[in-house]
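After this come two complexes, each holding subunit A, first together with subunit B and then together with subunit C.
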Partner chain A sequence: MERITGRMPRFLRRADPAVATAFACIVLLLLIGSLYSSSFLSLDYLLLQLKVASFLGIIATGMMLVILLGQIDLSVPWVIGMGAMMACAAAAYGPLGTALAVPFGVLCGLALGLINGVGVAYLRIPSMIVTLATNAVAQGLMIVYTGGFAPRDTATDAMRWLATGALIPGVPNAVLVWALVGGAMVFVLTRTGFGRAVYGIGNSERAAYLSGMSTRRVTMIAFAVSGALAAFGGVLLAGYASKAAQAMGDAYLLPAIAAVVLGGTSILGGRGSYLGTVAGVILITLLQSILSVMQLPEAGRQIIYGAVIIAMLLLYGRAPASR
Partner chain B sequence: MEEAIPLFQMTGVSKRYGGVRALEAADLAVEPGQIQAILGENGAGKSTLIKIMSGVVAPDAGQLMMHGQPVSFASPAAANKAGIACIFQELSLIPDLSVADNIVISDPPKRFGMIDRKAQRRVAEEALRRAGAEDIHPAALVADLPLSRRQMVEIAKALARNPRILILDEATSALTAADVTKVFSVLKRLRADGMALLFISHRMNEIAELADVCTVFRNGRNVATYAAGTRTDNDVVEMMIGREYSHVFPAKPLRGEAALPPVLECRQLSWTNRLRDISLSVGAGEVVGLGGLDGQGQRELLLALFGVLRGCTGKVLIDGKAVSISSPVTARSHAVGMALIPEDRKTEGLLLPMSVRENLSFSSLDRLSRWGIIDRAAEQIANDEMLQLLEIKTAGLDIPAGALSGGNQQKVVIAKWLMRNPRIILLNDPTRGIDVGTKQELYRLLRRLADRGASILFYSTDYDELIGCCDRVLVFYDGAIRRELAGEEMTEHALVASALNIPGGKATEVRV
Partner chain C sequence: MRDWRYWLAEQRGTLIAVAIFIAMFIIYISNHQAGLTANVVNTAANKGTLLALVAMAQALVVITAGIDLSVGTIFVLTNCVASYVITGNPFETAAGVALVLLVGLLCGAINGAIVIYGRLQPIVATIGSGAVFFGVALMLRPLPGGTVNETLADAMTGRIFGFMPASLLMLAAIVAVIWVPFRRSVIGRAAYAAGSSEAAAYMSGVPIRRGKFAAYVLAGLLAGIGGLFLTFFTYSGQASTSSASTYTLFSIAAVVLGGVSLYGGKGSAVGAIFGAFAFRTIGDLMFVFDLDALWQPLFQGVILLLAVSFGAIGLLQVRNRLEWFR
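So, the complex of A and B:
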């Protein structure tokens, strides 16, 4: 009996109001969508949305790790593009290149993330600046590589299979990949010393440092993981579209940050659950889908994104009034 | 004979912070054309008094009067308006603005809504002249000025508001002797102009030179007011102490002359101008106190030993072997086995929103994990053990640490380090703001740890604690160890006297 009451607060804490709000919004969006078309509540439609969501989900996973530290990763757009292009480029180098296309793409993202991490953790450059700069560098490198045109290389079969295939009939592989990545992240965040350190640094870097944590190493690794996951997202997107495109990552920066924050993760770091990020990703994806069903122009879509994010932040994303 | 109404008067002013009484029915009268010195130990209520006078905090009870009229200050700006300006211990200048910008920062002269730079410069020049610092150019950047000049700007900034009462809260502690002389001549001129000055300092010689009237605070009350020069330094120290022992301390072990084997030693440890040639050694099972007034380098010493401060010179030896502790990671490693209970448990010791469980095991995750994965069973056992050892009262391991009481929070901070079984424990004022019961538990715990062989370096701002808990006390003054007191020499009188760096008490000079 005592054990049960001892566990009660934990259960209550899990029912984070922010996460609950995000899920409530998902239900609301589905209801609004079903007013337009009854197919909104069909299994096919929902699975399709989940598949689309999984790309954003993987990218947002890395973003969440960085935001939990109280930092931000703005290099996501061109790391996505770089991951996609480098994976496709590797495919041009014979069977070995084809086999290693996916890991190569991810490795490129990891390298760029590592540069971000070194800049933030060791050189103490604000993450907003250093990641914005590496984004520009990645963009430049990719333009040099392609000569300013869309790259000719196409995605490998493995990439297509990962993004569009279905290992389990009916369930897209992309969703499985997201589930694996997400499951791994949940494990890392809740069960490992690294995860505890991430939350600790996000809450008070000073306290974490004085506790003997290698705060700089943890920060560096988090950025590297964020880069790798963004590139992996890019690789999958290239598989989905069969090829890489120049600015394919540009549409993912705001949604990735928004998904994390809408899921209740504090933009100041230290607080948030992966379940919330999942809710945020689905919420953003549904919002996009409904806006396109309503045939709103891109400009209108952007305005509504921004407005929704501001509204949600007003609801629960603000820092306490006094510290 | 009717007494004249003083310029400023406070009667029966009280202030509590949580359960801690900072001021208790304190009275104070301030007269124009006088320099009044305020004396008192750490925590005697001086800072609170000044914060109330300058509108930073509101009193819980009591009355403030200007010219016999009741007043209340809702904010520092309101106090300024009433003619009270305060120069705080920490400089309040913005380094990247010019001297003139800083002087008029709270109320810049305006024309058409824009800052009138010419008028601003005039005001600044006038204020600097009154402060006796005409040599400082109003357009100079504050960041380019040396510390003593900045202090002069600080005074000019206060004077620009045309105060009737000027409060200096240890305003001279950052200055060299030559600068102090300059500041003093300015203060004397201001006194001659009819300004009332309140002067807080720990330097007895400064008070002797400057003050007309002295008021001694103790335990939140003003215990005596006397004309300067009518009491000896010894009398003053007596007045500052004179309080009953309220704590119960565990018995100290009796030791022979045989020296304990030193576990932690440092030699000629220096850091910028805050630590000067610190040499000390702590034996196994010994509790060594760091005494002296607040801010004389004790905290820096603990941080330096723990590898937090960059650019320290000197040697640190563990078990007689020189080690280089470059970060807390090294400090807590098995070879060193050091733990630091930091100064501010809310921002340095704990992760308040995180659970008690996560906080307790946060420093020991490397030991509780295999391949980076936390062994939950081992974590549970270690946490339960600590909860029992320290008798931490919590509604469960999963509630946020911020929900615990101050005393229990502090126990969590200590527990998280004891989980590592440290051999060397550094404590940075661990009893600040916690209740008496928890304090006594901590005293017993410290002694128990020492009896089991731990070496403890204990900084406290409470002299009773140092006397009651420590085998020896090293008294700091101005970044250096001035005295070492042991055994019978450890009296409150000797501690206060050596903290103020005046001769008195039976203390032995430290051989450096």
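So, the complex of A and C:
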């Protein structure tokens, strides 16, 4: 083993085995897909997949920040819905509303994330239950707002442009937005005190606290960022579909968690890289795409989807045997 | 002399859940148009029993410091299975019931095997297995339908002696047959020990693997019984995403209201039952106050948020700030 690793190039030697496995699985999926249809390896198809992946990618970015703390954010589904609906709702209030639609949607998510953060950091309620409760509150607010019907407001042009336009010919804007968000997250995680504090808290909040970090503030901010990013993802999704929908976020909670974990981030916190999350997001998107191309019934897709996630985790996500 | 104090301290969560339930139920009944009639009680008992069974399942896993995000899908899957097999003469019906319970057990065993022998984190493992279970349910019942032996279904959801809801008796029997023996056995204690400190339990030679596995298997069984009851209430099976996710989420809420610590090792399934009944009653309060049904989800969410925030009062008693971080 030593001899083999010694001969490998440096970047491979330093790579996290989980991230490397995730990328290997992506290549494998592409190969399986190309056996099915030759268009799988075409540039158009890959760019389309990247575009679809960017929505999940932005949502998973926030989720990763929270998971790195050793917490979880289950309020993602209705924060997505809230961001989308509120952004579309703002568009109904004249030119000013149209101009502020995107920031307003994100701000709503930030506010809800802040409630999560206060609950987890200052009230010390387990994140699973706080975010569950705020998810119910967000759902309740949206149901009261829409009267239980599909919302009638439509997305603004700016939202549509962000999700479907192409600033650089050929590269969808959504991918650029994901790249910006991802780049910012990499910078924050690796180059700032906040990022180091996030990893520190994930490893041991007690130790982080004793070394003088304001652990509670960091936790609160992380949850607020997660809420804001989920809402932003919702805004983009609304732009993509040109309107918001009830329960539009339900399909994103589990894939977001799965993407982060498949990317090698420990669900217990403190360990993981953003590159892994990118790999996880692409992996999940490709898997979903291949399953839908194969035209399986929904039942078969669910079974394969669940089984593949478990199989991949068994491959490289296992806890150490000894204690 | 001091015995009752220890008992009180141990059962505090459960007793608080009982108190919340009684308070909520009194508010509910005193504002109900029909008042305290056998019919009102029966409906409330039936609705509560469904959630109580799923909450018990969740409690068993939570006690081992795990979480089962697939209880709702096991509940839906067994409902779909039951809508096929529980028909015909008494013998066939009994075999059908046994098959449904076996499916529940099997689902729980799969979860347990993945978490314990596969060494995956429960939260992600059950997300994956939940997708598989739901897929199977969809395969069985792409569209709602099916039948059930109506004599049995009516007996299970009706009243005994004219006032006692049969579902409550069944719930009591399930507690006596499943929960009490589990709690008192070595395996049950091992599940508690694994939840409160896995490392210490391992060092003391407690059979933690068997304890945790048993908890997952019994959780599957209880969720399966829940699915069986759902079939008795609805006379049909349906692979519904919304009921799977609702029951999973509500089961966590009920467990927390019922005084079971999400960090493991604390609480009991009996507490979870009362947590479930309390949660259901809170949800139904909307109807007796004649408010628009649209407000129900928001109301439930706010109540849940307030209820969990009350737990923060304990922070004020902490003398050493380090105790805040665990």
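Assume the second predicted complex is superposed on the first by the 307 of 323 C-alpha atoms of A that agree within 3 Å, B and C clash if a C-alpha of one lies under 4 Å from a C-alpha of the other, contacts with A are read in each partner's own complex, and residues count from 1 in each chain.
Please note the rule applied: contacts are C-beta pairs under 8 Å (C-beta built on N, C-alpha and C of every residue); 3 or more make two chains touch, one makes a residue touch a chain.
Remember, predicted model here, so these are calculated numbers, not experimental data.
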| item | value |
| --- | --- |
| Combined model on subunit A where subunit B meets subunit C, clash or fit | clash |
| Which superposed partner A:L291 touches (first subunit B, second subunit C, both, neither) | neither |
| First, second, both or neither for A:L114, with subunit B first and subunit C second | neither |
| Superposed model, subunit A: greater residue contact from subunit B or subunit C | C |
| Which of subunit B and subunit C A:R206 touches, first, second, both or neither | both |
| Which superposed partner A:I26 touches (first subunit B, second subunit C, both, neither) | neither |
| Partner chain in contact with A:V186 - subunit B first, subunit C second, else both or neither | neither |
| When the two complexes are fitted on chain A, the stretch of subunit B hitting subunit C, from 26-34, 80-88, 116-124 or 134-142 | 134-142 |
| Subunit B and subunit C contact sites that coincide on subunit A, given as residue numbers | 206, 209-210 |
| Residues of subunit B touching subunit A in the complex | 306, 308, 327-329, 331-332, 340, 342, 347-354, 358, 361-363, 365-366, 368-369, 372-374, 376, 395-399, 416 |
| Residues of subunit A defined as touching subunit B within the complex | 6-7, 9-10, 13, 191-194, 196-197, 199-200, 203-204, 206-214, 270-271 |
| Residue numbers on subunit A that touch subunit C, as the complex places them | 72, 74, 119, 123-126, 128-130, 132-141, 143-144, 147-148, 205-206, 209-210, 215, 250, 254, 257-258, 261, 267-268, 297-307, 309-310, 313-314, 317-321, 323 |
| Complex interface listing, subunit C residues touching subunit A | 67, 114, 118-121, 123-125, 127-139, 142, 198-199, 202, 241, 245, 249, 252-253, 256, 262-263, 294-302, 304-305, 308-309, 311-312, 315, 321-322, 324-326 |
